[in-house]
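In the two complexes that follow, chain A is the common piece, with chain B as its partner first and chain C second.
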Partner chain A sequence: MKLNILEKVKNVAKSISEFDVNKLKEADYKKLAKDFVYGKPHGERRLGDLYLPKTGLYKHREWRGLKDTFYYFNMIWLYNYAHMVTDIMKYGGLPAFVRGLWRYRWMGQTYLPVMHWFDRGLEGLRGEALRASAWHYRAMTSETIRQFMRMFAADVSNGGSKELHDHTLAHDETVWGGIFYPWRNNFDDVPLQMIPYFVTCHVNNHTVLHYIDAVQSIGLPGDPCPMCQAEAGIFVDDDMPDYYPAFVTSNEACDGSVATSVLQDWMINKPLFAMPQPMQFDDPLVLEHCEREIEECWKFIEEQTGQPFNFELLKEYLEKQNKLQEFEWEKWDVAANTNYYPINGVAQALYRIYQSQDGYRDIWAETDKKVRKILNKVVEKKIDSFPLTRHRVIAWSCAPLYYSNWCTWAYNCWGLNCIINRDSLMFDMTIRTDTYENCLHDMAVYHEWAPMRRMAVGGMHHIFELWDYMERFHCDMVMMYDQLQCKGMQGVHGLFEDEFRARNIHAIWMPHALPDKRVVSRAEIRQIVNDYMTTVMHEEPLDPSLLDFDDGESW
Partner chain B sequence: MRDLKHLIEFEDLLQQANNDLVKQARSEGKRALGYTCSFMPEVLLDLPGCFGVRLRAPGCVSPDMATYYMSGRTCHYGRSLMERALEGGFNFLDAQMATETCTVTCRFQEHLQRMDVIQNPDFFCEFCDVPFKKTENSLLHYKTQLQAHVLDKLKEKFGIDTSDEALIKAIEEHNEVCRLITEIGSYRKLDNPTITGYEFHVINLVTMVCPKYLILPALRETAEEMKTRKADPKPNWRIKVVLAGAENDMPEFTNLIESCGALVVADRHCYGSLPGREEIVIKEGETPLAAIARHYIEYSCCPRFMPQDVMRGRKQYIADLCKEYKADGLIVESNKFCEYWSYERTIDAVVLPRDFGIPTCSIEKEYVNSASGQLRTRFQAFVESVEIKKLQEGEGA
Partner chain C sequence: MKKFFKKLIKLGLLVYGVLFTVFYFDLDGKLLFYVVEPFLVKHYDSVKRKDPLKAVYGMDKPNYEYDVK
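After this line comes the complex of A and B, so read on.
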C-alpha cells in the first residue's frame, strides 16, 4: 500500500530529470486558473489517476475547485471527524467507546475508514449535489455512532451499565423501529445487526467476510443469502454486545431470514417475540392477522419492560415520522420531474433505507431541514446537479452492499445517473394517527411493506412494478441487481429477461452477493457495466481512467 | 423378506404425476388439484368431486427450460416442477392450490399464475398465506385463509360441496389412510423391522400423489399383508436411522441410504409421515375446518415456525423419534439452495449430538441423486462410525 522512501526519492528524481521547460511555456494558464478555481470539468478529471495501484485508496483527494474543495475539507472531512469525537462523548463517553472498539471486531475495523466511505460515495460531486449528499452521509454516521454507543454503554458483558441494559430493547434490523415508539420515552430500541453487519459492509467490505466464514465453519452451506449468513455469523462468533434483556425478530425478508432468526435464538437464548409479516400481503384478509401480531408484540414489550403501552407517545412519533415521509415525497417529485435533484444514488439509497427502517430520530429531521434548503435552492435556481447525465437509471432489486457507491462511479465514468432505487420506494405511505384503529391498520400495512417483502419476495406482481416506476421517474435504463443468492429474485430471472426484451428496455444485470465481495468483485461489476456501455450502447466513457482499476484491497 | 404384493404397482404409480389412478379419477369427472407443501391440507383437496396430487417431478435430472426462468441458483425441486410443467407433465391439473411457504416453490407456482403453462382452460392457481407461529392468532388466520382460498374457490370454480358434512366425510377417508400408514409404519419400531424404509417411503408417497379412494383398497391389503410378514432372520442392515430433512420425494434416496447398511426407520421430512399421517380429531364444539386448521398447525414441525418453544420442540421431537423407533443415529438432509433446511440441518447437526447424544450425519443433496457415489461414501462412513461407537459403548459396559 505504501511506496517506500527509496521509491519516492527515485520518483522525485525521475520527474526532475524529465521536467520539460517547454511545457511551462506552452501551458494554458487561463485554463489552469479556471480549473484551480472551479475544478476540472467532467470529462477531463481522470479521477482514476487518483488511486494508488491495487488499493482504491487515494494518492490525494480530488481538487474540486476552491469553493468545493474547502467545503469538502471543512464541512465534510473536518466537520465529520470532529463529530466522530463529539458524538462519542455525547452518547456515552470514551470509556464505553474504547471497550467496544477493543472487544468487537466489526467496530475496530470500521471506525477509522469512515471518511474513506465518504470519499468513495461523494467522488466527483460538485456544488449543491456535494452538499446535499454529504448531509445524508453525516446523518447516517451520527445515527450509527448513537446506536453503537448505546450498545457499548449497555453491554453488561463488557463493563456496561445494567440499568441501560434493562432499558434497551433489541430487534432484528428488518423489524421497523416504529414498533417501539410507545416506549421511546424511557427505553431505547437498537437493531441487532444494523451496525455490526449492515453499516460495516459499506464502510469496510472486508469485515463481514469473517462472519460469513464463521457460520459456514459450523456447517452451513455457502448458498443461502450471504446477508443472513453474515448476521448469523456474528452470533456464532459471539461478537454481539449483550445490551438487551429481550428481543423481537421477524420473518422479513425471506426464508434465510427466518432461519437466521432461529439460529440466532439458539445463540442468544433470551426472551424472544417473533413478529412475522404475512407473505401474501395484498390479500386484505391478512391485515387483521398482522394487526394482532403487532398488538401481541406490544404486549410482549409491556411484559418485558414493565411499562404500559403509550398511545400518545406513539402518535407523537408517528406524526414526526410522517413529516419525514412527506419530505421524501417532495424529494421524489424533484427527482422524477426535474434534472435538479441534488442527491446522488448512493446517498439517496442508504439514507432512505436507514431512516425508514430505523424509525424517527431527531437527526433525520435535522438533516431533512438542511437538505430542504438545498432542494429549494436548486429548484428555484434551476441548477442541474448532474449535468452530464446520459441516462436516467432506476436500480431494482437488492443492492450490493460492498459496492453501494457503484452509482457514483457509473455517473463519473459513463454518465449513468441513478435517479431512484427500489429500496427507497418501499415505505411509500404516511400513518394515520386520528384513531387507534386507523393507526394500527396503517402500521400493519407499513410493517407488511418492509424491505424486500414488497419487491423481492412476497408476491411477484410487485416486483414488476418496475415498469410503473420507470415511467414515474422518467428513467430510460435499469440497473438490475442480480443478487446471486437471493432465491426470490433468482426465481424470476427469466421473466424479467422476457419483459426487458418485450418492452425494449436497456437493462444491465449487475451480479453480486450482497456483502460478499468474493463472489463478484467490484472490478467485475464495473467490467460488466463497461461491456454493456461499449458493446450494446456504443458509448464512450466520460472518464476513461475509471474504466479499469483494481480496488480489491480497498475498504 | 417376501416382496409386498402391491409394491411394484405402487412404484409404477410414482413414475409420473399423471399416473393411472389420477387418469382414472379424472375420467370419472373428478377435478385434479395440485399442491407442493404439507401446509396445504390434502384433506381439503380430497372433498367429494376432487382430489389432491402432491406434485413431484420424477426423473427430472436436467431442468434446462426452468433454469432459464428460475436460474441455476434455486432449489432443484422447484425448478424440476417448473420443468415438468413446461414439458406439459402437469396439464392434467385443474387447479394449483398454492402456499407461499418456501420461496422457490412459491416462485414456481407464481409462474403457473403468470404464464400460460398449464394447458387446461379451467386451470387456476390460488395462494394461501400460511402463519409462522402456532398461536390462536395464527390458527384464526390459517382457518380464514383456508376458507377463502381453498374452500370458497373450489365451490366457486368447480361447484365442490364444501359443507361441514362433506368435510367430515373427507376427514374420515383421510383418517383411514393415516391409520393404515401409521399401522404399516409401526412395524419399523420392531427390533428387527418387517418393512424397509424404502418400501414405506413408496407406500406413503402413493397416498400423497393418488386419489385416496382409489389407493385405499391396495393400502388396506398391504396393511393386512404386513400383519403376517416375517423379517429376515439375519438382518441385512447394520444400524437403524431416522431420516430428517427437507423435501424428499425420491424413494431411491432412502434406498441409497439402506444400501449402505442404515435402515431408515422413521421419516421426518417434508414428504414423510412423521409428522403428517396423524389422524385429524374434531374436538367438541369445533367445526371441521377449525379442526383441520388446528391439526396442520399443531402437528407441523416445519422449520418456518419461529417461536422459541417451537424451534426447541423440533429437536425434542427428533430425539423422541430416535428413542421410539430405536434408531442408532440421525441422517439429516437438505436440498441444495433450500434455505430453511440448510439452517435447520446445521442446527440439528450441532444440537442433537451435543444435547441429546444422537450421532448425526448431515447431508446436502440434489433433488435427483440416487446414484451419487459421494453420498454413498458419506453414508458408509457414518454407518461405520456409529458401529464403532456402539462397539466402544459395549466394551465400556
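After this line comes the complex of A and C, so read on.
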C-alpha cells in the first residue's frame, strides 16, 4: 500500500517536471473558451477517451458546454436521483423498498446504477435532443419504480400487505396490460418479468446472466431463446416476489415461452390462465379464436377477483391509450419527413415498447405532454437535432437488450442515425370503442401483434413490412438484428439476404443473443459495424476514439 | 436572521459543489461498481432460497376453461 502511494507521488512529480510550458503558451485560449462554453463540436469530442478500461465507467462525465452540462447535472442527474427517492416514497415507502432491495438480486443490481443507463443512452446529445430523450428515460424509470414498489408492497413472502396482494394480478410481460383495464379501479396488474428481466438487461446486464445459468443448472439446454431461459431462471432461483393470487401467461415469444409457463405453473402453483398468441394470424378464424380467448381470460379474472367486467372502464382506458398512439403517429411523422426529430434511437425504441406493452399509465401521458412541447419547438424553429447524420437507419427485428444503446454509439462514431425501429412499429393502431364487438376485434388484433410475434416469428407478410417502412421513413440503411438463438428468424436469414441484394439496400447484420452478452459481445457488434462502414461504405469515422474500446465488464 | 440565510446559502453552494464533483467525476458510478455491487452480489449469493425443484407439480389442478360463445 505504502509503495503504491510512493509510486503515485513519484509519477505526479515526474509529470510536473516533464510539463512543457510551451504547450501553455501555444494553447488556443479562444478555442478553449468556446469549447468550455459551447462544448466541443462533433468530430473533436473523442468520447472514447472518457472511458476507464473494461468497466465503461467514465474518467469524468462528458463536458457538453455550460448550458447542456448543467442541464444534464440539474435536470437529469440530480432530478432523477431525487425523483427516484420521491417515487419510492409515493409508491409504497422506504421499508418496502429496503425489504425488496435486500431480498431480490435483480433489484439491487439493477436499480442502483440506473444513472449510468441514462449516461450510456444519452452520450453526445445536445440541446433539445438531450432533453426529449431524457424525458423518455425518466418515464421508464418512474414506471419501473411503480411496478417494483407494488411488487414489494404486496409481497406476502417478504413482509408485504395481504390486502394489496389480493388486489394485484400478475401476467407474463408479453401479455398486454390493456387486458386488465376493466379492473383498474380496484386492482393493479404488474407483469412478472418486465422489471426482473427486461429492464435489468438494459440497465445492468450482469444480473440476467445469473438467471440464465440458474435455469441451465437444472438441465435446460443452452440453445433455446435466452429470454425464455432467463425468465424461467428467475423462478428457479426463487427470486420472484409473491405479490399476486393469480396470473395470466402467454406463449410469447415462442415455444421457449411455453416451457417457461410450464415451469412457472410448477413453481408458482397458483391459478393460471394461459392466453397464447397465435403463431400464424391474419386469418379471420384465428382472430375469432383470439377474441374468445380474451373473453375467457376476462371470465378467469372475474372469477379470481370477484369483481365483474366493466366495459365503461375498459373504454375509458382504451381512449386514453389511443391518445398516446395518436401522439406516437405525430412523432413518426416528424421522424419520417424532417431532420428535426429530437429523440434518439434508443430512447424511441425503449419508451415505445415499454409503453405499448405495459398499457396506459399517467406517466406516459405526462411525458408525452413534455415531449410535445419540445417537438413543436424543434419543428417551428427547424432545429436539426442530429446534424451529422450520414445515413438514416431503420433497425429491424428484435434488438440486443444488453446493447440497446448501440444507436447512440453508431451516431457518435459513424453518423448512423437510427430514425425508427421495429420495436416502435409493432402496434401501429388505435382501438375502436364504439361497440363491444369492434373493441374486442381490435383488442384481439393488438394482442396478436405482440412483440416478437409481429417483429420476428409472425409470418413473412409482417417481417417483410420492412420495405414499406423504409420508404415511409426515408431510410437508406438497415440495421438487421440477428438474434442467434431465435430459430424463427434464423430460418429467414437467407430470404432477407436475397431481398437486400435484389433491392440494392445497405444492410448490416448485427448478431446478438438478446440478453446474453457472453455470446456476442458489444465490442464484437461494434467491430462488425466498423468493418462494414470501412470496407463497404468506404467512410471515415466521425469520432475515431469510439472505434475500438473494451467495455466487456461494464453494466 | 441575515446571518442564518448567508450560512444557508453558503452551505447550499457547498453541497451543490460537492454533488457536481460527484457527478462530473462519475464518483457515484465508481462507488456502485467497485463497492456496492460486489457487496450486494455477495449478499444475494448468501440469501437462503427454497428449492423450487422440491415443489410438487400437481396434476389435479382446476381447468380454467369457460363457455363464452
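Assume the second predicted complex is superposed on the first by the 540 of 555 C-alpha atoms of A that agree within 3 Å, B and C clash if a C-alpha of one lies under 4 Å from a C-alpha of the other, contacts with A are read in each partner's own complex, and residues count from 1 in each chain.
Please note the rule applied: a contact is a pair of C-beta atoms (placed from the backbone, for glycine too) under 8 Å apart; a residue touches a chain by one contact, two chains touch by 3 or more.
Being a predicted model, the structure only gives us computed values, none of them experimental.
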item: Contacts of A:Pro224 with chain B and chain C, given as first, second, both or neither; value: first
item: First, second, both or neither for A:Leu78, with chain B first and chain C second; value: second
item: Touched partner set for A:Leu272, first chain B, second chain C, both or neither; value: both
item: First (chain B), second (chain C), both or neither touched by A:Tyr436; value: neither
item: Dominant contact partner of chain A by residue count, chain C or chain B; value: B
item: Which of chain B and chain C A:Trp329 touches, first, second, both or neither; value: neither
item: Chain B versus chain C as contact partner of A:Glu296, first or second or both or neither; value: both
item: Partner chain in contact with A:Val286 - chain B first, chain C second, else both or neither; value: first
item: Partner chain(s) touched by A:Gly488 [first = chain B, second = chain C, both, neither]; value: first
item: On chain A, positions contacted by chain B and by chain C; value: 218, 265-266, 271-272, 292, 296
item: Parts of chain A lying in touch with chain B, wherever the complex brings them together; value: 215, 218-221, 223-225, 228, 232, 249, 251, 254-256, 258-263, 265-266, 271-272, 274, 276, 278-280, 283, 285-286, 288-289, 292-293, 296, 457-458, 460, 484-485, 487-488, 490-495, 497
item: Residue ranges of chain B in contact with chain A within the complex; value: 68-71, 73-75, 78, 100, 102-104, 106-108, 110-111, 113-115, 127-133, 135, 137-138, 140-141, 144-145, 148-149, 303-304, 306-308, 311, 334, 336-337, 339-340, 342-347, 349-351, 362, 364
item: Touching residues (chain side chain A, partner chain C) in the complex; value: 55, 57-61, 73, 77-78, 102-103, 105, 108-109, 112-113, 115-116, 119, 204, 206, 218, 235-239, 265-267, 269, 271-273, 292, 295-296, 299-300, 303, 555
item: Parts of chain C lying in touch with chain A, wherever the complex brings them together; value: 19-20, 23-26, 28-30, 32-33, 36-37, 40-41, 43-44, 47, 49-53, 55, 57-58, 61-62, 64-66, 68-69
